[in-house]
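Here chain A shows up in two complexes: once beside chain B, once beside chain C.
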Partner chain A sequence: MANLKTTEKKTKAQSMGMHTEVLTGKTQQKFFNPDEAENFYYWGTYDVDFNKRTDLDVKDLDCKQANRKIDELMSQGYGTIVIKNPQGKHSLGVGILNKLNLIFEGSLGYFGVGSIDGPMVRVNGRVGWSCAENMMAGKVVIEKNAGSCFGAAIRGGDLICKGSVGARTGIDQKGGTIIIGGDAGAFTGFMMQRGRIVILGDVGINLGDSMYDGTIYVGGKIGSFGSDAVESPMTKSDIDWLKRKLKVAEIGDNFDVSKMTKVVAGKKLWNYDALEPTEKKGAI
Partner chain B sequence: MAKKKKNKKVKSKAIKGQLGKKKETAREKMIGQTIGYRYDVNLLPDYTRLTPFLKKYIEAMGWDDLNWLEDVHMGYEENRPAVFDRNANGWVTIPKKIKLPNNQQDRDMIARELLVKFQMSPNHPLVDLKKAYRKF
Partner chain C sequence: MCGIAGLIHRGKSSNVGSELQLMLQALKHRGPDSTGYALYAENDGQNFIMRFKVGENVGEGSTSINEDPSVYDKRRKMVDQMLSELGAKVIKEDRLTPYSFRYEMQFNDDLMEFSKKIESIESVEILSIGKSLELIKDLGDAEAVSKRYGLADVKGTHAIGHARMATESGVDIKSAHPFWGYPFSDVSVVHNGQLTNYWNNRRVLENKGMRFMSECDSELIAVYLAEKMRNGATLEEGMKDSLSGLDGVFTYFVATKDSLGMAKDTMAAKPLVLYESDDLVAMGSEEIAIRSILPQEIDTYDPFDGEVKVWQI
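Right after this comes the complex of A and B.
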């Protein structure tokens, strides 16, 4: 029977080129100096002024041209940009790695404001599938409803929809907070690994299916729990944080957060450690 | 008459969850990496413990709260306290001269502050990468 802990097997694996480096983590020590200046500036970003405001009509522009134009305006120091006539175009406002106040006067299509890191976005309309997917930081507020996969694979920041959202909201979520003022569809929080989802209304079937970690708060009815999603008692810390967060999200002023249902991972699917050696054995 | 030997109870120190002191499992020793979290990744931040630097940072970015930093916690790497930098995809170890407080809330605030300073530093590894590969 193969024993992976023996030196012999390790040598064999190494000779086959499976271990070309020492697996001791990726530590960085030499770069860090905590006394560095407090400049509040990320290298390579534009120094914008929130008080410097401009409008951009994207009626006759395609998404690539519109996004390039937003970048150009930021390079000129504009900190507040109002997008006129978005007309449901796809992939608008994506990849903004800058602090910015971005306002869309209308609705967005698929993959709106994806992969952003820092801006505050307001959409005075609806959004299509996968809004703010892979968002890193910042705040996005949708005034009306959103499509499926809202906040897919989000890693950080606050994503708020004042209306209702479709299925698979927060699928593969790795951080950040998603707040829904209305209802959410099936498979909300599917495979989420970290972060928080707050739903003030009802939620569909299979809530938090196969979730690895993270927390889901539901104010209304739950269609059904997904695999390994379990109810957990609310704490004072949860209530304080929810009150604060809903204020930031500009919704649920009079909502009684203490009556919400908290859902977490049951951690029965945490079996990677047991499986991994078996997989490695198969590979060797 | 033979005296009965009393078995002395050995007091084991509670090291579970202590920063950098949890005993590694055989599996962790073998692969040289930590498995799972050794701190509460779901811990919600206590805003009464915000540091002055973080208050200034929130104001400068135009946010209402810690935003993405809510998910930043003090972990540890190679038995030293460290914070994970997602931009560099690596652990940034905390300098030895910084004394860490006993509770996780305060440790997390320090981790957030140091991470922001590190990311905004001209010595951050991403600066060189951007210089080399940035398209526009």
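Right after this comes the complex of A and C.
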């Protein structure tokens, strides 16, 4: 049972009767000790050889069968896997936790390459909703367009779409970078918490609505700012970072990043402490 | 959740019955309760096609009350008598299931009054009236409905369809999509989403003489657009008005005799994938619906929030 104690310093929220206890016991987080590296096993990962390449035709496979086959190929050491005929199937290439060159010759449906931790993915087509959701590390490049919720809740890595994306790109983003070559829809960066979003084209209404933190750069027009999203001056380090990032992402050649609009959180909604008491009760 | 699909061939006819069946079957996981087709078929365009039902399908997980099948015959006779009284000449009649019928008929008067009279008969609902529209809906998946009604060979220019997961109203035909744009000939609607100002709009529209047959919120879209067009708006104007007039989350398709349109709410909360070429437009809730008829690599995209598009055949 967790060890609970009462705090002495009260926040505005606590003074209104909200939580008055904090958790001080051990968390469930486990720490990696480098001295025990030889005993460490990251379940579901494989040592693969990038020079060992194979093709996998998934035309007649469902997503479970296709993902099992990818897993099997990785277990055999294949480090470059080319997926043929994905034909818009859902949930392909999810949960890959090791280095891998994964190439899709076609388009993906919903939840493509979600929860990945390390692979380099290239999709020579379009992706549906929630591509790379919960991505932790690696690089994903989409050659065409993407659906809504692109990069939802990503923690890290680079997620690049060379075309346009739908609504709620980077919703709940917690880290990493999302780069869009075209336009983005409404509610981009909704409830974003950390990380960066770069959009070279236009963006829809309610940009950065209720964002906690993080930075959004927009090259084109902005439909409207969301609640608590504010414009911030571009600095030299912003410009330098954008130039480097776009170059690495192989996108936006000769794009004048100095003219982009930088959007950050106003932090007036942060933790709801800035709300009036009546509004807070409503939120609770 | 529900899945919707639609396609329009520009400048030619195709086997839209089997194409839509493939698209809807690919979306079965989004809505296994009922399936509906609005097919714009190669009819001669001279006579009206009226599709109607005199009862519900009480099998396959239906929430409808069991009835003695003998009432179907009784109601049909009442429909026949009413048609005769209204001056409609029936050219051809088909009984497709114990409870559903397709009549080909000649009629030259006001469709609204006509429909009101026919639907005043207990449990009788007109599913559609049109010169090319064939609206079929029933319980079961796309293959089952297609087989039951013989849709695989229907040729035409365009079609919209719906795979329904019942959430807020019953598992029955009256709540299934597509909805006919009563009282307009050849207008049909399918919807994926949820409307939150249904009752407010319904009260207003009913006061203006429009009719609702179900308690399914999606029916509001058909009635809303029909009322707009009744007051002189074009289809596209009505659809653009709907973005502010309808509250909630939605992606819907509407089809008329010679056009097909889509609208997406301002929050873009419901999915839609679109493929457009010079001779074919195909769209669906998921890309796999489009891939079921176009397996080769194609360029598709998601329309943005608040987008309305209309294509002509």
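Observations
To be clear about the criterion, the second predicted complex is superposed on the first by the 226 of 284 C-alpha atoms of A that agree within 3 Å, B and C clash if a C-alpha of one lies under 4 Å from a C-alpha of the other, contacts with A are read in each partner's own complex, and residues count from 1 in each chain.
We adopt the following convention: a residue touches a chain if its C-beta (ideal position, glycine included) is under 8 Å from a C-beta of that chain, and two chains touch if they have at least 3 such contacts.
Quantities reported herein were computed from a predicted structural model and do not represent experimental measurements.
Looking at the shared chain after the overlay, A:Gly166 reaches chain C, while chain B stays out of its contact range.
Note on chain A: of its two partners chain C and chain B, the one contacting more of its residues is B. By the touch criterion stated above, A:Arg194 is placed in contact with chain B alone, chain C being left untouched.
Of the two partner chains, neither chain B nor chain C is touched by A:Pro233. In the superposition on chain A, A:Gly185 contacts chain C only, with no contact to chain B. When both complexes are overlaid on chain A, the residue A:Arg126 reaches chain C alone and has no touch with chain B.
Touch criterion met: A:Lys144 reaches chain C, while chain B stays clear of it. Within chain A, no residue touches chain B in one complex and chain C in the other. Interface residues of chain B, counted against chain A in their complex, comprise 26-27, 30-36, 41-42, 44-47, 53, 56-57, 60-65, 67-68, 70-71, 77-78, 82, 85-86, 88-93, 95, 98, 114, 117-127, 130, 134, 136. Listed in rising order, the residues of chain A touching chain C in the complex are 85, 87-90, 105-107, 109-110, 125-126, 128-129, 144-148, 163-168, 183, 185-187, 204-205. Here chain C touches chain A in the complex through residues 266-269, 271, 273, 286-288, 290-291, 295, 297, 299-302, 304-306, going by the rule given at the top.
The part of chain A that touches chain B in the complex is made up of residues 4-5, 22-29, 31-34, 36, 38-44, 50, 71, 99, 101, 118, 120, 136-139, 155-158, 175-177, 194-195, 213-215, 237-238, 240-241, 244-245, 248, 264, 270, 272-273, 277.
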